[in-house]
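After the structure tokens below, expect a handful of questions from me.
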């Protein structure tokens, strides 16, 4: 199975060679666990290696996301201008009810989804169309959690998720989807997003003897053999770094 | 009671002679615990010993499943071409609402279930018919979890499960059904799938002192006396391997 | 109060003389805990001492039950032919909706409940009638859990359970009813079956330091004084054996 | 405040002088914890000291209750014949729907509540009337749990409980009501029965290092100062015995 | 901020000077934790210092409350006769449905709320009117839990609580409201009563190594700086006594 | 990214330079954890440095809030008179149903929201308008919990929260919102307020060996790198003080 580098320091080693290519990977973590950093690092890694990427932002407008990540020195603007990175502003999906009224506008490689009657299916089609036009290799959807807000009814949410994951899969790109969830909650319930993804990476935040401890776990990764242990990670000045040889509680003793 | 080899290294020893023949066994585990690997290994073991097998895939298209398992070197394509393995693509059941519209198509020994108005009963009838035609001895349904998506109402889901397990039983084959569930959830509730199966194998994923630990437990196996202890297992290059003489927490110390 | 031997090695000692005669005892345990073995051993013990018994099977057809228990060497077929054991196939109650259509058929001492419009009340009447005709002393209903499937509404299920326990009681026989439930669940809720029985035996399955541990507890037994401690038990080649002098965690150290 | 002896060995010492007179006390415990034994011992203690008592049985017919308690040697029949103990068979309330049809019958001092349209209010009135006629000093209602079965709707159950506790209170007798509940459940929720009683005695059943441990706790007792510690108790040949000077876990070491 | 003495031995020290004047304080505890004793001690302390108090009793008739507290020697009758203590019998609110029919009667300084159509708003108005007439400085409402019984619908209960707390606040008196709740339950949920009060005092009942341990915690007290540690307390012959210098588990070692 | 000083002693060090400017920060804690103190200290810190602030009070009237915080010596009245602090009395939103009737009144820089038909959208507009007029730099909304009371239906509450957070964001000010929640509850569920904020500060209250322990955790803070450890804090005479170099359980040993 073909592999692609994750762009996350130490993670390729955990995966014994990177993510499987062309699959949909879910990244799950609590607030502040670094999901957006993880996702953008994945795109930047690809862009620097020549793979155009697409970032669909459900919660934060692209300007804000870029501002939040500015300290990492990834030069997102220059990647965008060179066409290596395309931003889709899908925040309209979160705020309004079932539809938005304004027409789509496009400035440079940033697309603002203000098309009439924006729905999840139309967003899915648009992602597919742009990905095809731009020769996109990697897609990030950050975070899928917003669908919860639009679909309070479980049955409809379930159908929307199924449809949306299908649409991502049919692009042929390597996709990464983030989801906000506490790990304690994770231990309780069947989670549809996990089930629909070919890979699941958990970002655990634990309190151990009064200290916050962060650990990454590759819970599921179809098609490849990988390290399934909990490995410490940090959010450093250069982005997320995983320590593939350390154990979580030992790491807290440093 | 007649036994059949499970095809899983070490598991026949745990069972003191393999699965009872002609029964329905449930394999339960969390995402990434190796349920699909387990299930296919069961079929491959049978096929190599001359027993034709049938794999009904509810989530992943057969091509993908084969790709995911390619690294184990089981030569699934050649088993399929020689008629030892038949794949049923039942993914249509997951995606659509209550019915699908396209007619059934059949290419080689792979059947694509695009019959008009595919329902679970019609799928059950088809499995029965194909099993009879092909002289199938082993059937895998991977995973039954998808029924949850189609039957959001508990009463209907319950009825569908009852009906489907009855249909499997009436084929006379040895059947293996997988189900995605976290083990912490398992400790809480009555699970209909467990109740309807003649045997239940649990694939536990635990966090012990910051390490991921995997353990297999034969919870129930009607008609035979077996080891009921938790035994460590790993997903190796050759598939799942159970260590029938080890204990779980000792195993983590290696 | 009159006592009857339980037929379970070691259990009469725990009870200081066997079950109270003419009462309804509930046996509760998780999948694989040995409920069916326990129940049949109770009947076999009675039959060998001259008490005719009746086994009403809600989940498994009698042939299957006999096959599952064949390894214990209890000679169920010969007990059946000599009229010491009668099997009632009540599986139709689980599968269908509210009624079944086929007429009752009777082959030897095995009764197949295919009467028109089989309902729980008609089953209860039939059990009463057969028990009277055969001079039955012991009745087993295995498991009552199936009623959950037929009565998804709590109010109706409750009424059905009340009615059914009344019917058992009015036969004058010593009755044993099994119920599938996890012990962790048991610690949480009021359970109507427990409340309606004059005695409750719990079959605990616990994980202690990574080992599966089985323990039997006589939780309630009206009318007699008994050992209420948790005692280890095993499913041996001869059936269930309780160790009335051992403690559970000591037993795990052997 | 006037006190009455509880009749339970060791409990008067825990209460520093017995129950407060004329109040309603709730006894709560899991199946097999000895609630019925406790309640009858309370009546027998009173009867032997000259106070006529009344036992209203919601679950078990009086004959059965007497049989169950026969081993304690309390001579219930002779107490009944001498008018010191009156049994009310209120089991009809559990079994039927909202009403029963048969007229009340009275044999000796045992009253069978088969009055037309028996409702909880009419039962309450009857208890009041009989208590007045017989000069009853102590009333037991065993167990109030059955009301749950008759009133599946929470609002109605609540109203019935309020009404029934008011009726008990207005008799002027010292009343004891039992309720079946697990102690783990107790730690979770507001319990109306507890709230409506002037005193609450908890019969705890705990598992401590694999042993069953029983402990009595006087949780609430309005109007008196009492020992509020958990004290070990046993069900002995003479009934319930509390060890007012021992601590629970020390007691398990004997 | 002005302070008033709590009347509870040791509590003024925990609060570093008493309750803030003119606020509503909530006292929360499980059955038997001493809520009523606490509340009356607060009124008695005020009355002895010259502040007239008003006790509105939702559960127990005033005669009973006085009887229950008689052993503390607080001379409640003489305080009532001298006009220092007024009792309002609001038990009618618990028992009936939405209204009561009888006209208000007034005997001495005890008011029986049998006004036509007694509702919570009319009770609130009455409390306000009496407080104004009597020059009341302290008001106790014991317990607010009864509102749960009258308002089974959450939305209405919420509105009633809001309204009632507003009414108390508008009297200008220092108010103390009790609420029956287990502390384990407290750790789980948002509690409206806590949220609406300016101060919250928790009476914890814990089981520590098989002993019952009682601890008082001032969880919230707007406007003052206070000790927020858990402090042991006992119900002594003189009422509640808090040990402001002790720690809870040390205290259990005495 | 621009930073602003938090005004909380020790917190700027935890954040490595203060809050990011122009963002919405959520402060979460249980009753009595110091949320209001935290929020006002944030405004006072700004006002003293020349940034006008606005405090919208949902629960307590501004007079009361000022009184409660009087002991800290922050001279709130003088800050208000000099226009550095504006108070909005939004308590009407909590008490009434969906609307209030009285016209808006304005006394000095305190605004009483008694406009006809006050709704959350009109409050949001008013906050925006006043912020623009006064040149406000910092806004506090204390606490957002009240919205729960006004919007019992989850779907409407969700929409109101989304709208309100959008309105805050569009003011361009640095906003701080408080929310009352127990930390044990926090570990369970997805919390919309957390999700909608760019930063989350948790005020933990824990019981450790019978002592109350307080710890502050910066769970999420988009756009900046910060210390994510749990740090002890106290409510001192000068307001909240965080100890950025200490660990929580060590701190309890002093």
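We call the chains A, B, C, D, E and F, going by the order they appear; numbering starts again at 1 in every chain.
Operating definition for what follows: a contact is a pair of C-beta atoms (placed from the backbone, for glycine too) under 8 Å apart; a residue touches a chain by one contact, two chains touch by 3 or more.
If you're wondering where the values come from, they're calculated on a predicted model, not measured in any experiment.
With contact taken as defined at the outset, there is no chain that touches chain A as well as chain B. Taken over every residue number at the interface, the positions common to chain E and chain F amount to under half, indicating a different-residue contact. Seen as a C-alpha superposition, chain D sits on chain E after a turn of 60°, to the nearest 5.
A straight line joining the Cα centres of chain B and chain D is 53 Å long. For chain C, the set of residues that touch two or more other chains is empty. Following neighbour contacts from chain C out to chain D and onward until the ring closes gives C, D, E, F, A, B. Those residues of chain F lying in contact with chain A across their complex are 1, 154-155, 158, 162, 166, 187-190, 192, 194-195, 198, 200, 215, 217-225, 228-230, 247-250.
Against chain E, the residues of chain F that register as touching in their complex are 30-32, 36, 59-60, 64, 67-71, 94-95, 97, 145, 148-149, 152, 180-182, 184-185, 207, 209-212, 214, 235, 237.
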